[in-house]
Amino acid sequence: MAPLKLGMVGGGQGAFIGGVHRMAARLDGCFDLVAGAFSSDAARAHASAAELGIDADRSYADFSEMAQAEAARADGIDAVSIVTPNHLHGPIAEAFLTQGISVICDKPMTATLEQAESLTAAAEASKGHFFLTHNYTGYPMIRQARQMVADGALGAIRIVEADYLQDWLSHAPDADNKQAKWRLDAAQSGGGAIGDIGTHAYNLACFVSGLRTSSLSATLTSHVAGRLVDDDARITLQFDGGARGHIWASQVAIGNENNLTLAVYGEKGSLRWAQENPNVLWFAKLGQAPQMITRGGAAASLAAAAVTRIPAGHPEGYLEAFATLYREAAEVITNQGKSGAIIGIEDGLDGVRFVDACQRSSRDGASWIDLR
Amino acid sequence: MAPLKLGMVGGGQGAFIGGVHRMAARLDGCFDLVAGAFSSDAARAHASAAELGIDADRSYADFSEMAQAEAARADGIDAVSIVTPNHLHGPIAEAFLTQGISVICDKPMTATLEQAESLTAAAEASKGHFFLTHNYTGYPMIRQARQMVADGALGAIRIVEADYLQDWLSHAPDADNKQAKWRLDAAQSGGGAIGDIGTHAYNLACFVSGLRTSSLSATLTSHVAGRLVDDDARITLQFDGGARGHIWASQVAIGNENNLTLAVYGEKGSLRWAQENPNVLWFAKLGQAPQMITRGGAAASLAAAAVTRIPAGHPEGYLEAFATLYREAAEVITNQGKSGAIIGIEDGLDGVRFVDACQRSSRDGASWIDLR
Amino acid sequence: MAPLKLGMVGGGQGAFIGGVHRMAARLDGCFDLVAGAFSSDAARAHASAAELGIDADRSYADFSEMAQAEAARADGIDAVSIVTPNHLHGPIAEAFLTQGISVICDKPMTATLEQAESLTAAAEASKGHFFLTHNYTGYPMIRQARQMVADGALGAIRIVEADYLQDWLSHAPDADNKQAKWRLDAAQSGGGAIGDIGTHAYNLACFVSGLRTSSLSATLTSHVAGRLVDDDARITLQFDGGARGHIWASQVAIGNENNLTLAVYGEKGSLRWAQENPNVLWFAKLGQAPQMITRGGAAASLAAAAVTRIPAGHPEGYLEAFATLYREAAEVITNQGKSGAIIGIEDGLDGVRFVDACQRSSRDGASWIDLR
Amino acid sequence: MAPLKLGMVGGGQGAFIGGVHRMAARLDGCFDLVAGAFSSDAARAHASAAELGIDADRSYADFSEMAQAEAARADGIDAVSIVTPNHLHGPIAEAFLTQGISVICDKPMTATLEQAESLTAAAEASKGHFFLTHNYTGYPMIRQARQMVADGALGAIRIVEADYLQDWLSHAPDADNKQAKWRLDAAQSGGGAIGDIGTHAYNLACFVSGLRTSSLSATLTSHVAGRLVDDDARITLQFDGGARGHIWASQVAIGNENNLTLAVYGEKGSLRWAQENPNVLWFAKLGQAPQMITRGGAAASLAAAAVTRIPAGHPEGYLEAFATLYREAAEVITNQGKSGAIIGIEDGLDGVRFVDACQRSSRDGASWIDLR
């Protein structure tokens, strides 16, 4: 198919995740980046646009203006990527959805539950689609794990453990660390480790297990003096049907880079996966030797094959998984159908409710919060 | 030195841990097994004794009789190993301590807190020593980890994570599984996963970190229908000084054999270790490439070297670690001095208090229990 | 910079490596694919072109015609990717180089030494550049390894071991396996495992060590009945200066997917790397604990950082390494300068000489062949 | 059974392997050490004997005297362990075999082929047994691998790769390094890496594959200036029936401790094993996900179970594997039967022939040497 036309809000010079979204959008040739509001500072916005080869007349300093102008063009964008700090996700997404333009939004969906609920209403009213980039769901072995659980390979699920460990905030960051600055400001981020990486772990646990949370208990901690948001979070989940989930998200666990791991234990077997070596999925059945399933290998499933680009033994990585979400978004936008694997507005709302409940639980001594 | 004379209570035909203690006692040549009450069934006891080459006049069917008879002999035993189900540890240990005979006791120390307190009083009154075989503390890399923490290599400790995962009780065991039977009977074991393996994880966390617990919150679960003890335990520890600890002990985590892992995170660095490949210790300092420290290797410490038998790259295992506890017990008995690494009566009492507090917390909805 | 215009020869429907080259060319936005001769069958060529969004007037069925036509256009291609079976690399590359169009060619450079020498002359006479896609040289940790060796971190090199193990040709393939068919036909491939993967291992050994081969001894074997090319190759290299190299390339080593590993041992230290988990480089100095260097991590070098797209712990894979070669080719074409890491015509000639020498040595009972 | 009475020659103060043999002999309670000639220096011999608790009248300074005296005693030793430098193995073993006393001898069997042939004749004439401690054959997963190959799980074997890498001789050792000194003296050792560790790798390759060598080609190298024996050896084996073997033994591979690995590739599947984590065996069948077989785990075979002491997940190590050889020797001595897994005089002779052939081949430019 011909590439869709993509805009971007945020992601200008000095940003990290904007460049990731651009590479992901480009890898499979499904999107051409043609417009952007790369910064709220006009000079920076236009400088970034020029660097990225965007025509000057489609470089904007204001997202509202961009949404209106692009909606008015015959060759206007089909979708917009939102890669700003969290507190801006909601207003920006609403501006584009209101114009009927599909939105591909970085996580967490919003910084507050109020924003999330408002955005949910806007998404439901829009002819545009809403996609949330919980990018780890794009890994082929995660798709395989999800299919195996759904197919009953593990039997009834008993325990889900999802941990996401980093160490980059083990100390107070340098004042000029742009990535750290807004994340450590609750007004911009909505939370610390819980929002930045805890939501990823939570989403992954639910995506693979297919379980829904009935209640949770959380302890959010800050280990660095003077820090106003959490940098370590421990959550116990009670799922509908009786299974238990456990999440540990930490940004002070020295020796960990992006050590996101998932383990799912059922009555008949288990699955284990680690993001830093993502082409491998461990499958153990009770009373049998554990098996190492590889992406593209002999035991790879259809669900994995559908999002696999290259043969076994040649590793696919983070950008490929991210690109899969862009490709699937393009398919939905084009076909007006929804892939079963899409992370959308309901998952986004669920994630923000999760953060909110964790914060309330933790403030109340790890009390149990009902999510139903 | 000449070998000490050892007796044993429990560990007859069909037992598992008795054989382990015998190999551990023998490996370094510190003990000769010369007496035993290998079963409370006289015929079985004597049959086991004969198999083990024990003189018939030192084969007993009753531990009280054995304690008195051995104490009365000029060539009586120097120490007794207790390898019975948990509920008998206390009475047997008291019987020998009362006779001034040192005790090497399997863990947990007792099945109830009342027994533990009684035994503690008996140990304090005895001229014999009391040793508890938390055998994982005998691994050289655990000794190194403990020394590194004490030396400040990690800075102030923030987080300790100790997990012990097994899968052998994922389903109801066969009726003739002797190992499972008494462990699943609370009257004999005092608890399920929490007592059998949770105490190991807890002991290891404290042994390496040097931290003491001020309070805890626990959730004990049973995943198998009809099971009356826990098979999965999650505990949060609040240590004196502010560090947090987390323990996960499970006997239903399919794909895990004896997957005991320890991670200690401090302000400056971290240590990670896994029992199933115990000759390696991972050390990460913030801002440096992680290092793989090996038993006997270039970065091994004096604490590790003191309990290392063979050069680097030739693995030492479970029996060697266990044997180290026997060797150190022999040194204490002989020298009348106490090694710093000895796990003794206070650790045993601490472990039983831990189990008791976990059970109370879990019954009360994971409430926080004060241990001070 | 604005993307360069790229053509492609080969890589139509059903091909594997063509798609890899297209993703690699696209990832960093350095190339737009605008022309192609995707098959020598006109109907297939045009169907592939249409699928890929190539204008019909730039879809060719004949590479010579394409070279002339593109050279004549004002908006003609800046470079062409050659992704055909090996025996066509030479003629096609010469056709484009003769027209002054740069060539990005899959490996091995040619199927025969005669072709390689002819192509070398053509490349020297052309204003176009020649790039050979020994894609494994694009991995950041390989760049770091190369820099560390050059900086003397290992001291004088003693031993280089490069192994590339696969299992996909363990048995005679299905008749319709297009990838296998031409590779097992010596007339098209020029050789079996030695040409297909042995050249990769050889190139990597030389690229990282900086050593040049003075002589070699090789044993090429075919383990599958009726197979006319080698499927297992063992080569001993004598390097200038006294170091030894060893290469093992096999396509019948069951359990291996693309298990390319490199180890370099020097007087002071060693480096080890494995392609299937390529973001890690092991560095051991004599008398110190081995270090795990990670892409993007604390110990990553400038050479690695220059080809790194995303932070540590988020894996980059095969396509990213491949894309780095495309990006660097674009830089050379644009800047008219040559990056030190570029694999070019001399490396290609060296690789074909290597294959030729291995085949002669093996036919002669593993005799030593002089390469100087 | 009652322990057998064991003597030892060599292994006095400052020795390494003597202590290993003593622990191995003791672990399963099959032997009591009651006599020894621990040094040829009488004072050192008697001091060592006293330390080890040997009666003074059974401490000897001369092995011939010991053999005669022990043979004459009613309570004389049943077997003697020989743990001297290699060049003494032959004469000592002959002295005891001539007296009808069984011999447990460290490897390689002798320092010269002449000694090996003489000893073979002596062993055949003796009522005593001869056991060679190729200790790696005692690992349970090696027994399982051997059984799986014999049972046809891999189909016909194509390739065997056995590598043994160390780094402790990367430089000239200190003058007082007793272990290094005799090993680097060809008169005492009979060879360098080839004899010390190459024979282990060779024995393991043959033990597991069940193949016999028809011819070989070897390159022995010395990387350290002034060293008179090899420190790096590469050998290609041609087995009867057409399979190939490859051995790499190095003592200058920095970053390796005792990195002995074995891979066996057959028509249907493969096995891989590494000594430094010996409780795991990787089994891959073509077209299936690779399996991780663990000692004591669900897929462990009878052959593994027969030499397994403790349950899965509690690692057994080097001493346990060594002890298995002692236990099996005791069974043979007692039962007058021969276990199929015993490494005896023919394996010892085969190993010395292997070393001799490697040395001749290497001196002759890696020429092929016929072993039939």
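The first chain written gets the first letter, and so on, giving A, B, C and D; residue counts start at 1 in each chain.
Operating definition for what follows: contacts are C-beta pairs under 8 Å (C-beta built on N, C-alpha and C of every residue); 3 or more make two chains touch, one makes a residue touch a chain.
Keep in mind that what you see is a predicted model, and the values were worked out from it rather than measured.
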Checklist entry - Once you count every C-beta pair in contact for both, which comes out on top, C-D or B-C? => result C-D
Next on the checklist: Centre to centre, using CA atoms, which chain is the farthest one from subunit A?
Outcome noted: D
Checklist entry - Taking each chain's centre as the mean position of its Cα atoms, how many Å separate subunit B from subunit D? => result 35
Item to check | Centroid distance [mean C-alpha coordinates] between subunit C and subunit B, Å | outcome: 55
Checklist entry - Rounded to the nearest whole Å, what is the centre-to-centre distance of subunit C and subunit D, using the mean of the C-alpha atoms as each centre? => result 43
Checklist entry - Tell me, which residues of subunit B touch at least two other chains? => result 290, 294, 297
Checklist entry - Which word fits the touch map of the chains here: line, ring, star, complete or other? => result complete
Checklist entry - Which of the residues in subunit A end up touching subunit D in this complex? => result 283, 287-294, 297-299
Checklist outcome for this item: Per the touch rule, the subunit C residues reaching subunit A in their complex are 2-3, 16, 19-20, 22-23, 26-29, 53, 166, 256-259, 275-279, 294, 296-297, 309-320
Next on the checklist: Using the touch definition from the top, list the residues of subunit C that touch subunit D in their complex.
Outcome noted: 158-159, 161, 167, 170-171, 217, 219, 221, 223, 232, 234, 236, 244, 246, 248, 250, 252-255, 263, 265-270, 272, 282, 284-286, 290, 365-366, 368
